[in-house]
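Shared chain: chain A. Partners: chain B in the first complex, chain C in the second.
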Partner chain A sequence: MGKYLLRRLLNYAILLFIAVTLTYFLAATQLNPRGLFEVRNPPLDPASIEATLLQYNLSDRVPIMERWWTWFTAVLQGDWGYTVDGGHVNDEIARRMWVSLRLVTVGSILGIVLGVALGAWTATRQYKASDRAATFGSLLILATPILVIATILTILATKFNQATGVRMFEFVGETGDRGGYPLAGLVDRGQHLLLPTIALTLVGIASYSRIQRNLMLDTLGADYVRTARAKGLRKQRAVMKHALRTALIPTGTYFAFSVATLFTGATVTEQIFTFHGMGIYGVQAIQQQNVHGTVAVTAFAGVCTLTGAVLADIMVAILDPRVRLS
Partner chain B sequence: MSDQLGNKILMDSEVESAIEEVGSGDAQRPGDVRPTTKRLTRRRLILRRFLRNKLAVAGVGVWIFLILLALVGPMVSPWAFNDVDRRAYLKPPSQQHWFGTTQSGRDVLALTMQGLRKSLLIGLLVALISTTIAALVGSFAAYFGGWTERVALWVVDLLLVIPSFFLIAILVTGGPQGSSSWLLLVLLLAAFGWVLSARVVRSLTLSVKEREYVLAARFMGLAAPKVIIRHILPNISSLLIIDATLGIGGAVLAETTLAFFGFGVQPPDTSLGTLIAEGQRLATTFPWIFLAPATVLVIMVLSVNAIGDGLRDALDPNSQSGGKAA
Partner chain C sequence: MSLDLNPDHKVRRTQSGTVLSVQDLHVSFPSEAGPVRAVRGLSFDLAAGETMAIVGESGSGKSVTSLAIMGLHPDSARITGSIKLHGEELLGRSDAAMSKIRGNELAMIFQDPLSALTPVYTIGDQITETIQIHRNVSRAAATKQAVELLDLVGIPSPHLRVKSFPHEFSGGMRQRAMIALAIANDPDVIIADEPTTALDITIQAQVLDVLKKAQRETGAAVIMITHDLGVVAGVADRVTVMYAGRPVEQGTVDEIFYSPRMPYTIGLLGAVPRLDADVKEPLATLEGNPPSVVSLPPGCPFAPRCPMVQDNCLTIEPALAPTDKPLHTAACLYSSDIAAENRTYRDIFPIPAIPASPLERLPREERRSVLRLEQMQRHYPLMKGAVFRRRVGTVYAVDGIDLEIKEGETLGLVGESGCGKSTTILEVLNLKPPTGGTVVVFGKDVRDIGSGRERKTMRRDIQVVFQDPMASLDPRMPVFDIIAEPMGVHKVPKAEVERRVEELLSLVGLEPSHASRFPQQFSGGQRQRIGIARALALEPKLIVLDEPVSALDVSIQAGVINLLDELKAKMGLSYLFVAHDLAVVQHIADRVAVMYLGKIVEIGEVSEVFRHPTHPYTQALLSAIPIPDPHKERSRERILLKGDLPSPANPPSGCKFRTRCQRFATLSEGEQQPCLETMPELYVVGQDHHSACHYNRERQVV
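The block that comes next holds the complex of A and B.
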């Protein structure tokens, strides 16, 4: 198994290298940092523009391979480059990845736990009223972009705040003004996290319950569950021990795969609730013609995806005896 | 991972379930001798199974309505989408403007219909193109095997490493601007949208390619592309139809997210995503600008997904929803 994982890892490293290199070429040719200076009024001296661009390895007059090599050798030493106004990409990333993590952790854990529970439960009640209601609810949420879910939540929260006169829900930023009582900071953070967490949880429940329900339906009808029942196991025990456990394998791998992408996957939520996280940094980098920032975020996302893939591989190896034995 | 999920063999029990269907069509009392010559063609069989799914039938109805709204609506509406009513800025829904007006005095209903037009077009085109790519890449990879397959799978992995959202955003930012830029968007969404389905197509093709009719065609000397297009693809067409249907919703949602960050359809052109993005900024105070396009979008995606689910149940003979004889 060690050799198998090692080979996968090497394959992923090569994939990542090529993907990031291609992204660099894409960003370096499509984005135009020079344009940022050319629109300034009064116009800047072309020579000084060129000097600034050269300083940060952003001049489009330098051949692209040369720029790439300069960039790549720096990246190997852990330096992801600078923006045109001298900001260091490393600092931004180092700060923002934790913002993203704080935003998504609770929501995604709640989403998967509740989603799996709901999916497993509705599968045992197929085509009953509760199953139909849950199915319709999940389909409705999955058809709604998170942008709309989050916005509706803010509209409702505003109504609630106005009606009660208590600022229960906060939806701008990570922290706000806090009271002087003990643990006020924590409560404040909690209030700010409430709405985005609800939004992320809803989406998580919807998608995981769909997946889990379909997987459960397959295993519930399987021969080994029938055998377990025939052997005399109670229905609940047969379902929990044999059907649910088998059906959790694909969900586990799916979760492992998606947990890493959470860092950059919550871009919309970050924007609506003004969390200055990774996803929003990627968007701003593209809008502000920030070549190095863009590449760094996509590389980060790539690392996340592949970490997820490795986790998924390990998860399969641990959970699935068929893989473990072969 | 996706292999396990996608490897349902669709063909096997078709004949059996067809026989069941004929029997189950009308309940016969014992001793009631009636000629049982009523045979259902496959098409009628699928239609019957589809009609049994009320949600899917409702979805078809809604879609016909939406298409009519998008085609005929702008002609009937008293306001064109670019008309400015100087007496009504940011007015809530009223007799004159059913869905209210925007900040610049434009009619929200007219705008929504115009946006719906573009979103429908984007969804349909992207789904069509990406399913075609997926079908061709997946089936050719599986049919030829060896290096072709390895390269195809490798490209699939490469495209999955980095979130396509960022790549599309870079290319839209660097690409040509103007009224036909939405075509570029369609191509980009399709170019990144086919990868996961190609994997499923591949695993299905693997299960079909050793069948007798494929072998027969091959041994009769038919060229490989013809074998694939005439004998393999029609036999996995149910998957392709489902994939294209569900792809419509996916494409529309992807466009919405891109539009939210300004990477979507560019003004003066408009789409549901662009409208939602505009309305979102004022949503807590002037919700109608946001709610009208958002509702239409959710209804549209929900109903197309319902159609997709209905088609899946109707086309997949193993599904539980084939109806019962009782």
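The block that comes next holds the complex of A and C.
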């Protein structure tokens, strides 16, 4: 197992190197940090522009290979570079990573747990009213852009706050005014997280319940579930122990993959609820001609995806004894 | 070992001796076309230790019956009648109440042991689960008992194997584990639904043996559901024959086999090719197909296929009535006539006269050679590694075989799965040089075929019919296009194609006007006929038949076998016939080659090889084939082979068969030396009869 994982990790390191290098070339040639200075009014001294760009290894007058080498050697020492105004990409990423983590963790875990449960349950009730209702609800959520869902949730939350007279839901950012009581900070954060978590959970439930329902339907009719019942297990228990366990294998891998990509994929949610996370940073970096920030976000997304792949591999190995690792 | 389970609370039987009593059982399912009446009026009583077989073709209601008894039928099923276990009614009980009985008093063995065991739990866990559901024992005690059960059913080193997952077991071992699972709580009734259908013939013999042993240990009554009359003859005490959801004949096994009184039973018995047949004669054919149980016309459901049909058969559905023997019942208005004249299938069913081929008059040596394999080998490399692939071994799929098929001749190729039969036919069809030796087709060495065009022209002469008639016909193509396709490939003029398709359809016994229908509108047997028509389209000289009848029901199988016989004589065809059913091979083939692990171990004329087998493997194969004759079956001594086929990637040294050989075990150490060191060559043991054993010795096994 250890050797197998090591080999996989080596493969991934090579993949990551290729992906990041290609992004670097793309960003360094297509983004134009010099333009940021050139549009200033009054115009800046070209020599000082060049000096600033050179300082941060962003000058397009330096051959691209040379810039890349400078950048790459720095990256090897853990330095992801600077923006034109001297901001350190490392600081930005280090802060935003945790913002993203706080934003998505609860939502995605709730999403998969409830989604799998709903999917498994509706599969056992195929074509009954409850199954059709769940199907309709899931499709409705999946068909609605997250932007709309978030906006509706915000409206509903406002109404709720007004109706109860308590500021239960908070809308902007991660923190707000906290009270003086113990654990106030935590409660405050929780209040701010409520809405985005509900939004992420809803989407998670909708998509996982669809996947799990189909997987479950395949295994419900399986001969081994009949065998389990023939042994004397009640229907409910046979389904839980034999059908669900087998049907969880593909969901496990899917989950491992998607959790990792959630970090950078929650851009819209971050935007609406003003969480300064990784997704927004990626978009802003491109908008602001931030070469190093763009590459760093790509690298982060790559690491996430590949971590997801490793997780998926380990998950399968644990869940499915038929996958032998040699 | 003793199976000292918990017999304290067990009621072995009611006072009348009956364990299970089924009365007037009806099962129906709603469907869009109307209710599917799967079982209609089944009754029987079962005593402890007794075995009753339910025989019938697909769709006759056998499996539905077993699920209804277990209470595992779909929720939509409507069940009426009565099912009593120890005198207590089971119908109408809740799932919770039935769960206490299932696995404890009622146990079931399913057909496909691969899909019937949960892939993600170990065999041991699945057995201990059964034990712990019904009894309050510790996990350690349950595991200990699981090991004992695995030992009882003949799993080698059970204390290690108990931790294996189902995919690590071979098919035969999985079915043994399934039996262990069924008997874990010492049940009173075991229902075995086609328990050996998915298994090789040698493994079938082992599993049936284990099943008998399990029955002895538990004293349980067994309901054996099967379509194989040979198996029935060997294991059953009593038999119920089902047709279109109805029991049509019930009696003791001797009554059913020696004096059947219902034309369907008679036809079924006449349709089975028998290993013990002395003269080759055509099989009884039951024309037509079983009716759909959705919209049954009035009258006897068998009437449309019955040669004895009279007007009143079409109006009244006969009930089971006593025949000349009081406990032997049959559902036929004319069973007394059959009894009075003691009619057999020869008197009732049309036996087609099969013309002799003009080629057969020629002595074999003077006929042209159609196919010759010379020391043909097919080895596959065993590769490892994802980036840097390297060869770590060789799979010796076919390891140097010689075969010859002359014009107008049928060669049967038999052996267990994994012995190299399929690889052999693929090499023949490939028309490309094998990894060793060569293939000579119509006198042309495949090594000398220069161009793709030449190869394509040669393909006209070799055609193939596959095992599964559904999978081998494109469901989206009408039959006309399916049969015309090979002619299109070889640029036959269009007008000619239309004429040919019509001709071919009537040749294989199908209605030419059905050419515009799609495959799913035909039954299994008819589909196989379409496959045969397609193979004949280019007027080939050699047809490779890969298990052409093994997916078909008995009554349908006979028709296809007769058709193949007839076509061979009419068109001077040669067949390479691959099958695992030796009785079919004996019926259809002129010569037979027995393969084991990529080698031919015995070859020769069919009657010579089957009557006087000298290789221990051939003897074991033949002895494993059940014969549909209860007296013979009971008195036969079965040679049970040990274990499974070794891996062709790692064959044993010397004689490849020695690890499972029953003769090897009886030899002294000195005598065993040659078996360990050298692979025996094919020694001449008779006129056109060769056998590859160091100690060839004839033994009667049929």
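In the analysis below, the second predicted complex is superposed on the first by the 316 of 326 C-alpha atoms of A that agree within 3 Å, B and C clash if a C-alpha of one lies under 4 Å from a C-alpha of the other, contacts with A are read in each partner's own complex, and residues count from 1 in each chain.
The rule is simple: a residue touches a chain if its C-beta (ideal position, glycine included) is under 8 Å from a C-beta of that chain, and two chains touch if they have at least 3 such contacts.
These numbers were taken from a predicted model, which means no experiment stands behind them.
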Should A:158 be classified as contacting the first partner (chain B), the second (chain C), both, or neither? first
Query: If you stack the two complexes on chain A, which partner ends up touching A:245: first (chain B), second (chain C), both, or neither?
result: second
Touched partner set for A:142, first chain B, second chain C, both or neither
first
Of the two partners chain B and chain C, more of chain A gets touched by chain B
Item checked: Partner chain in contact with A:226 - chain B first, chain C second, else both or neither -> second
- Message: If we overlay the two complexes on their shared chain A, which of chain B and chain C does A:90 touch? Say first, second, both or neither.
- Response: neither
Report task. Kindly classify A:59 by the partners it touches after superposition: chain B alone (first), chain C alone (second), both, or neither? Result -> neither
Checklist line | chain B versus chain C as contact partner of A:21, first or second or both or neither | finding: neither
The intersection of the chain A residues contacting chain B with those contacting chain C is none
As the complex stands, chain B meets chain A at residues 1, 4-5, 55, 154, 157-158, 160-163, 165-167, 169-171, 173-175, 249, 253, 256-257, 260-263, 276-277, 280, 283-284, 287, 290, 294, 297-298, 301-302, 305-306, 309, 320
Listed in rising order, chain A residues that touch chain C in their complex are 222-224, 226-235, 242, 245-246, 249, 319-322
Chain A residues touching chain B in their complex are 15-16, 18-20, 23, 26-27, 29-32, 126, 136, 139-140, 142-145, 147-148, 151-152, 154-155, 158, 217, 250, 253-254, 257, 261, 264-265, 267-268, 271-272, 282-283, 286-287, 289, 294, 297-298, 301-302, 305-306, 312, 316
Given the complex, residues on chain C that touch chain A span 70, 72, 95-96, 99-104, 107-108, 110, 112, 115-122, 126, 129-130, 133-134, 165, 167, 178, 181, 185
